[in-house]
Amino acid sequence: MEEIAVYRKEHFNAAHRLYRPDWSNEQNELVFGKCNNHNFHGHNYELIIKLVGKINPDTGYMIDLKVLSDIIKEHILKKFDHKNLNLDVPEFAQLNPTAENIAIVIYNILRQQLPAQYKLQIKLYETERNFVEYPVSIL
Amino acid sequence: MEEIAVYRKEHFNAAHRLYRPDWSNEQNELVFGKCNNHNFHGHNYELIIKLVGKINPDTGYMIDLKVLSDIIKEHILKKFDHKNLNLDVPEFAQLNPTAENIAIVIYNILRQQLPAQYKLQIKLYETERNFVEYPVSIL
Amino acid sequence: MEEIAVYRKEHFNAAHRLYRPDWSNEQNELVFGKCNNHNFHGHNYELIIKLVGKINPDTGYMIDLKVLSDIIKEHILKKFDHKNLNLDVPEFAQLNPTAENIAIVIYNILRQQLPAQYKLQIKLYETERNFVEYPVSIL
Amino acid sequence: MEEIAVYRKEHFNAAHRLYRPDWSNEQNELVFGKCNNHNFHGHNYELIIKLVGKINPDTGYMIDLKVLSDIIKEHILKKFDHKNLNLDVPEFAQLNPTAENIAIVIYNILRQQLPAQYKLQIKLYETERNFVEYPVSIL
Amino acid sequence: MEEIAVYRKEHFNAAHRLYRPDWSNEQNELVFGKCNNHNFHGHNYELIIKLVGKINPDTGYMIDLKVLSDIIKEHILKKFDHKNLNLDVPEFAQLNPTAENIAIVIYNILRQQLPAQYKLQIKLYETERNFVEYPVSIL
Amino acid sequence: MEEIAVYRKEHFNAAHRLYRPDWSNEQNELVFGKCNNHNFHGHNYELIIKLVGKINPDTGYMIDLKVLSDIIKEHILKKFDHKNLNLDVPEFAQLNPTAENIAIVIYNILRQQLPAQYKLQIKLYETERNFVEYPVSIL
């Protein structure tokens, strides 16, 4: 039974603001620049889920992508899509919603929903030009 | 002297919320669905500016795209990028920031900044799958 | 009340074969080349629906894209997605499923489902490099 | 017999420099900026050919895209691909190879190669963000 | 002599159907859903070949991409493009043509055609949103 | 403190020619084909910079992408954009500007500009279909 990587791409639209409540306006402005706009700004986030596992010889699937897509919809998109990450998503109540932190939060949520037999990696595009990947390796 | 169309693509990231302040929560929810989230959501907007005019035989340019790009940066991106359209952009104080209305607002701003010799058309992508064009024709 | 164009992009995956049952194998091979493979081949079709109409001043929408998307799903995607155009779609029982003819069939179906107040145009990508548009103009 | 638009996308890679030999270095620098680099720079040009005509009811094709693609390869790509537009393409010996002028040159070449029954329009992407269209309308 | 990775992207269009001949219609329907349509459906597959090897200091190439592209054309595209994977490609006579299995079949074919000095990895896009990679690592 | 990968995409337009001055025209033609055009050709290069490092728990950033983007602009784009790689970039005075060598040159420049705490990998697209990655692994 061979190992293979399977990818599923989804997207969500959300507002966010980068800042630390315990910092002064000046410090937030200095560190986060225009991303610190008090009234929020937003993105069309593109999310790529990578799973590594063995192919099921009965079906030729590693995982049914319909099943994976439903898990992402239920546990990520419902929570993030058309939301304000700072105000609507409890995980970011005390955590700055940078692309890095959003990717880690998504990883932690999906890690609990997916069978342990699958290795998991998240790639998150905040814009076409800025994106992150977590964890760094799943080999 | 021949007429030609020249296009310049730019983008901006913004938060917005679709609703009418004079409607009840129920009616806003019914009409605007998840786009009515009180705490805003956001998009990476892609903006394509189309200008039609005559080629300058001295340069082979219809317009210097550096000049066009600077006008867009100064009058549109400064106003819209990393902003909350409802709260930060005066044009939407009383106007619902649908893709349709954003395109018309951008058209009206740029129309005043661009010489009358150029015909102008705006294409605005709210997502890769939802986009609008205004005006309908510039022939 | 201003006119504006609104676009919605959808996609479907389908198999097809180009041939005329009343032609010889040789003639079909000569005219349709590898697209005439007896056992079918297939595409990920990208479909862009363009509607032109007046903005509703109450909502700022020309049309609720959720409504448009549901109409496309119900009347086009259910009929075409994961189907064999030649064998599963009655409109192509006697009609060669070229990109040109598929676009016209989609236009005719949607024209009946959409209110007459909207002008309608179809763009259909068979591949990233080959695509068609129907009708030629809706001005 | 219905009219339809058919598109074919091709690409070529070429070097060019924007300048006028009868201008001083200073004036060329002022007008064309970094595009005036003496040693040339280059682009991956994307070319979209649009043809409008009637569908052949025998085949369901407006034009066999293989035929169109062969004409583009023979008369455009052979002439432009992996070439220096200023030095290798006679049409630009006295003509500044701006995107506008390249589009018009391509139009004039293809107009002679294509049957008069097809209306022709050229879209040329110099970069993903800068592109032109000629002629403005073929209605 | 340094190691580097070189990539070449190609595409092919094919029809397929997911099912097991030894299963009942009900079981095939349950497991493969709409991908089990008896009359086949199809895709525009995007194929990315990754080779890892040492740069030839004489040329600055790791491999001449023209040579790699010709090998892919001869041994993969001729076999898969505009074909029905289930009926026209012997490798899938007994093997379900899932994206996973197609990637492994392509890997096995190219592995035999390419010199052993190159490490080889396949990425195959069935749609823009569903894709696979094999083998999982070539480090 | 967790490790994460952060990516930034930039682009530049440049002319180049592939050849070795110590080879005959015939040998250059044989090995480099149309890429050996004496008068140069050009590309829109897409450049993806990948950095791996630990997230700063104070900011939620691994690196401020504005800082990374400024380093790329200052040390790569100023040197490469709208330039002739063979004639204008000293690193290629004796080195053939293949995609492989350009990626290594960019890596070596950025490696000196970036703090040692970040692991660095370069992906360079010469065209949408031909691209390279260096080094092969940064695990």
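First chain written, first letter: the chains are A, B, C, D, E and F, and each begins at residue 1.
Definition applied: contacts are C-beta pairs under 8 Å (C-beta built on N, C-alpha and C of every residue); 3 or more make two chains touch, one makes a residue touch a chain.
Keep in mind the model is a prediction, meaning the values are calculated, not measured.
Peer 1: Can you list every chain in contact with both chain B and chain F?
Peer 2: Common neighbours, chain B/chain F: A, D.
Peer 1: If you check the contacts of chain A and chain B, which chains show up for both?
Peer 2: Looking at chain B and chain A together, no chain touches each of them.
Peer 1: Since chain D and chain F are copies that touch, is their contact same (over half of the numbers shared) or different (under half)?
Peer 2: Same residues, largely: of all residue numbers at this interface, over half are found in both copies.
Peer 1: C-E versus E-F: which interface comes out with more C-beta contact pairs?
Peer 2: Per the contact counts, C-E leads.
Peer 1: Look at interface A-B and say which pair in D-F, E-F or B-D is its repeat, using the rule that over half of the contact pairs are identical by residue number.
Peer 2: Looking at which residue pairs coincide with A-B, the repeat is D-F.
Peer 1: Calculate how many whole Å lie between the centre of chain A and the centre of chain C, each centre taken as the average of the chain's C-alpha atoms.
Peer 2: 34
Peer 1: Rounded to the nearest whole Å, what is the centre-to-centre distance of chain C and chain D, using the mean of the C-alpha atoms as each centre?
Peer 2: It comes to 28 Å between the two C-alpha centres.
Peer 1: Which chain E residues sit where two or more other chains touch them?
Peer 2: Correct list: 128, 139.
Peer 1: Can you work out from the touch definition every pair of chains that touches here?
Peer 2: Here the touching pairs of chains are A-B, A-E, A-F, B-C, B-D, C-D, C-E, D-F, E-F.
Peer 1: Of all residues in chain E, which touch chain C in the complex?
Peer 2: 11, 13-16, 34-35, 37, 39-44, 81-84, 87-88, 127-128
Peer 1: For the complex, which residues does chain B have touching chain D?
Peer 2: Within the complex, chain B touches chain D at residues 2-10, 52, 55, 58-62, 64-66, 139.
Peer 1: Sort out for me which residues of chain E touch chain A in the complex.
Peer 2: Checking each residue of chain E against chain A gives 18, 20, 31-33, 95-101, 103-104, 128-137, 139.
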